[in-house]
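Next come two complexes built around chain A: one with chain B, the other with chain C.
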Partner chain A sequence: MAAEPAWQRLLAQPWLWSYLAAASVWAATIAFTQGQGGGQVLTAAFTFAAFFVIVGIGQMFVVTLGPGNVDLSIPATMTLAGTLAMRIMDGHEALILPGLALALGCGVVIGAINYGLIRALRIPPIIATLSSSFLIQSTAIWYNRGIRIKPPPALAEFATAQVAGVPVLAVGVILLTVLMHVLLTRTRYGRAVLAIGQNQRAAGLAGIPVDRIRLGTYMLCATLAGLCGYVQAGFAGGAALNMGEEYLLASIAVVVIGGTSVAGGNANVPGLWGAALFLFLLVTMLNTFGLGAGIRLVMTGIIIIAVIIAASGRQRAR
Partner chain B sequence: MTAGLLTPRVLRSLLPALSLAVLLVAIFYLQPRAMSYFGINLLLNLAVPIALATLAQMFILTVNDLDLSIGSFVSFVACIAATWLSEMPLLGILALLGCILVYALLGALIYLRDLPSIVVTLGMSFVWLGLSVLLLPTPGGTAPGWLQALMKLKTPLVPFCVIAAIVIGLVVHLGLMRSAHGAVLRGAGGNPKAVARAGWSLLRIKVTMFALAGCFGVLAGLALVGLTTSADANIALRYTLLSIAGVILGGGEFVGGRVSPIGAVIGAMTLTLAGSFLSFLRLSPDWQIGAQGAILILVLALRMLINRAEARR
Partner chain C sequence: MADPASPVVRLDGVEHRFGAVRAVAGVDLAVAAGECLGLVGHNGAGKSTLMHVLAGTLRPDQGALAVQGEVLTGRYDVVVAQRQGIRCVFQEFSLCPNLTVAENARILHPALTGFGWRAQAGRLIGEALDRIFPGHGIAAGDVVGDLSIAKRQMVEIARAFTVTDVPVRLVILDEPTSSLDAMVAGQLLAFVRSFTASGGSAILISHLLGEILGTADRIVVLRDGQVVATRPAAEFTRDSLVAAMGSVAKAEPGARPAAAAGRAGTGARIRAQPARQTDGQELVVHPGEIVGLAGLAGHGQTDMLLQLFAAAGRRGGRTLVAGEVALVAGDRQADGILPLWSIAKNITISSLRRMTRFGLIDPAAEQALASEWQARIQIRTPDLEHNILSLSGGNQQKALFARALGSAASILLMDDPMRGVDIGTKQEVYGIIRAEAAKGRSFVWYTTEMDELAHCDHVYVFRNGRIVADLARSELAEEKVLQASFAEAAA
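Let's turn to the complex of A and B:
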């Protein structure tokens, strides 16, 4: 292992490909505009990628728990947390922190309910999170009543702030990513998640409290979804009932394109950023080319599938 | 004496039908006028396309995959039916056959490269949606006359939608649960290695199941557009989650090739009725999807209790 040249070790990194894909899509965009607006595109990409990464981290921990583990309630959780927080804060700056606590608490409770359903009814996580998402979405619709309440100005400012073209939000999420990377690779909790994903039975026999770890992971995922809903509502000037829509697909795509194994037991935090940037830049590129909505959707789908095929070839080669 | 008949096994297989019956009785109690030819037709009309989409999802689940694109696929088929199929029938038919071919190829791709079906079908959901938008940028189009006539068929005594649901369920039941070939197809979900060692081609099985899913997706789209008479790129997007819920409600499981076609049809009908039930209770339509979630959880809880009773014996 130690004799391997550095470049070979770099090439073996599963996150490398998502960054390469993101960079080439960005380069294609800039080539088309002949160098104009490259910086603005990057600023926007980092802002929107930050939202994808927040939910992507949670989904990644859940997916890593092993086959069949996936959280489909992320969009509904985002909507409910965003709606609740906006309505409680009602534009008052003094309530920004209580609002945040409420959004996060909403996630904690939903995560506990999700895992409670999985455990008590012995049903696959997909079905548990699907049924709970129906209930959560209904609650959000009922509570929202179509009224759009503006976020407190300070929150909106923070969510959209930039320093020399660098979005403050993205910096915050990068710090969160580093923290989560340490959580995954350096703590007992993270190791336990990986061990359960590789072989749940063996992990249990080795004395890992499987139930508690899985419960914690579903709670972590829903809490991050709550955080994303809160920040997203601040960014977009209020909570909307469809605000979580694209995040179901994005959260899964970001995890898989980022190099995390769908079979579980093998996670990759840095790849999330590459994949999230790639997803946003891809849409930007197709927009820049002046393509219609239909072609854009078709191309997005085909490119996602192509990336998955390329990634599977890479895993096979190793 | 009843103890001998009502074993957990029997109870479990009756559970989907019982939940549908309870829901129907509740609706009839709240609104006796629903208990008529016209009322039942109105309640269960839309169950036909949902049942077909649910069966499409069931074929995919049988081989341990999941289709997250079925809703956008059904929408796309509806768009084809409302445009090409009525204006240029030959082109329309070719396009629909092409759709089934794409599904078969997806099955081959997923098997050969060992890809996660969730991600591939997520990607495909974009492709189908994009194609629908290209074909029908704004809601509209007209379903072919024969399709509308078929879906509005007035059958004697029992409404067409009920007959259609029974026939669809029975045909798939006979093909998948009662035939030797069906057993092999399901076996590929239960123990792929054993099926492969017995000399069957797993590739061919996967392609068959995906092509069947494509067929039923096409039928679902045709049935839907026959009822609504016009189409829209987003017309059936919610079918993706409904179809998964329907299969599970009907007693299917995620792995191991354990599915039930008749159960899936009943599950689809139960979910369709859940929405109407709320309006009879005069509850706000805000809770419609919530009610579907609640019914799903309730039925799964009952099934778990039955399983536990079985384990105790």
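Let's turn to the complex of A and C:
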């Protein structure tokens, strides 16, 4: 066991597969274009993957709490947080930080409401967060009324800035990812989440404050969704009511493809990046091949399912 | 083939093991037609295992089994038992809660098919209920999940006595009255008498000795998986039955000096009352004391421990728990083990607060704590980083002890933690418990093993969720514990 060679230990890493998948999809794309635009594709991939990763981190912590735990209100939270922040800032650069605080605070409150529904009313998380997302989305519609307000120019610049082809936003999110990796693996909070995901009753009897940890996790998830909504609105030149749409499936797919166990208790932060890059590059590849929209969607679905099956088969074999 | 003169069932030298534990160790048992056999014994004496062998749900490792003189060893299972007219009412409910009473009755009777089976099944179960529990107030169309526990138990019993194609020869009743009130229980016992008078046979298991003495023709006493007494019921009295069940009171092993006098004084770490206690009896635990919770399994001891565990985080309330607590689970899989983690992580989970520096867990401190307890409690493993499930059951239990003992808790709650642990491990752990108590830690120890009570300074006996006896170390005797555990509600 202890004398296991390094390459074998590397192969056993659950995040490896998502990076391999991302790399091969990218290789297939540039092979098709004969080396044209490989760099631009990567830049775009890192930019869009960064958004997936922000929400993926939150979803990963929630999923790790154990079977049945999932947050379906991420898209609605993104929309509401983006909308609120854009309208309060109203294009003023002096309000960039208060706007950010508002977006994050919006997430904190929504997370608390979500867990309140789950705990006090004993509603399963999947129903609780889905129904709260209707309330949140309706609030956003009522508040926004279809007006698209531009973000402050400095925020828009930051969200789209690149240094030598490297998106600044992606660098920021990589730092956030490192921070979250430490939170998961080296802090008492991270240990508690992993323990609850393995056996909630045993974790409680070992002295872990189960309710407080679960509440904190739902709040963390919604706060990250708020952050993502804020940055996304800055990136896309304003908050739109459908801005969260693709993030429902993406947030879950990124977690699962990244090697986090859907059964809970076993999470993986590095894999989120591989999975997010893979998701974006997959669509890019199918676009490059010139496939129609219908075929593209079907292929995306099939490939995601295949990767998940491959990943879960490998976990069983261990 | 079937021979009317031979016993309905006959067991010869039946043995059944669970791992290293011989739950049933060579039992001979015969039930004659028209006989009601009473079966008594303390927890873990092997009663339920033996009944599962009769029901066909467990296959004996050794021994012969015959029904009506026909030897069925090796070919016997649930289906055969059904066909032979052997029915069981176990402690665990077997009704499907989402189905109606009639539909549940149908499950036992594959013969009810075709148009109108539901009405037929309804009539069948209705008649059985009317016969056994007149005035029961249960309709065949009621969904079982909506019924009270007592009514569910009544349906369960009545169903065992329904007949379509196979006559009922033998009914096994395992604690059938535990959730029935006195009047309904009386109806049941009267029916059992009339059933046996008309030629049927029954095996009755109950911890209410009065029921056994009043209903059974013959009583078999089990202890440690063996039959220790078989006599007509008329030759037993309550006291002689209790004496037969327990081993002879013996000198206390590993006696330790009695805890300092003055228990009544102040300075108690724990003062608590079970939720169902009606008199003023309290559970009191002082620093450095080992307090035992005794009585039959499932009579409120675990609830008491959970009540203490929950109260430890709070102030005020009726339950006083002054100090940090840690719990050693008895049901390892459900309440203890974190199965994806290493042995080390399983040990340190309750001590992480002490090992956190600048918000981060210090891996060196974690390693040190795990190694220290591995050495002290002798967890047998080549590497603490291996998965917890790589350990044997006894060593997993040691890891859970290490988790609790290694924490900062001054009060340790133990929920029958020695279940399935071998004797060598037990002796090691007893030694550590005594040493830690001498250093001032308090232990609240629920145990179903009489021998372990000898390690306690004070013992509270539980029955039906209440403390019914409060025995100091000097008064502790097995018979007193048994007497209190089995006392009748009316007595």
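By our rule, the second predicted complex is superposed on the first by the 318 of 318 C-alpha atoms of A that agree within 3 Å, B and C clash if a C-alpha of one lies under 4 Å from a C-alpha of the other, contacts with A are read in each partner's own complex, and residues count from 1 in each chain.
In the analysis below, contacts are C-beta pairs under 8 Å (C-beta built on N, C-alpha and C of every residue); 3 or more make two chains touch, one makes a residue touch a chain.
Computed from a prediction, not measured in an experiment: that's the story for all the values here.
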Overlay on chain A: chain C relative to chain B, clash or fit: fit
Touched partner set for A:I302, first chain B, second chain C, both or neither: first
Comparing the two partners chain B and chain C, which touches a greater set of residues in chain A: B
Partner chain in contact with A:L10 - chain B first, chain C second, else both or neither: neither
First (chain B), second (chain C), both or neither touched by A:L130: first
Touching partner for A:A293 - first (chain B), second (chain C), both, neither: first
Contacts of A:I208 with chain B and chain C, given as first, second, both or neither: second
Chain B versus chain C - smallest C-alpha distance in the overlay, whole Å: 6
Sites on chain C touched by chain A in the complex: 309, 313, 326-327, 329, 334-341, 345, 349-350, 352-353, 356, 359-361, 383, 386, 403, 407
For the chain A and chain C complex, residues of the former touching the latter: 1-2, 182, 186-188, 191, 194-195, 198-199, 201-203, 205-209, 265-266
Residues of chain B touching chain A in the complex: 66, 109, 113-116, 118-120, 122-135, 137, 241, 244-245, 248, 253-255, 284, 286-294, 296-297, 300-301, 304, 307
In the complex, chain A residues that touch chain B: 68, 70, 72, 117, 120-124, 126-127, 130-135, 137-139, 141-142, 249, 252-253, 256, 262, 292-302, 304-305, 308-309, 312-313, 316
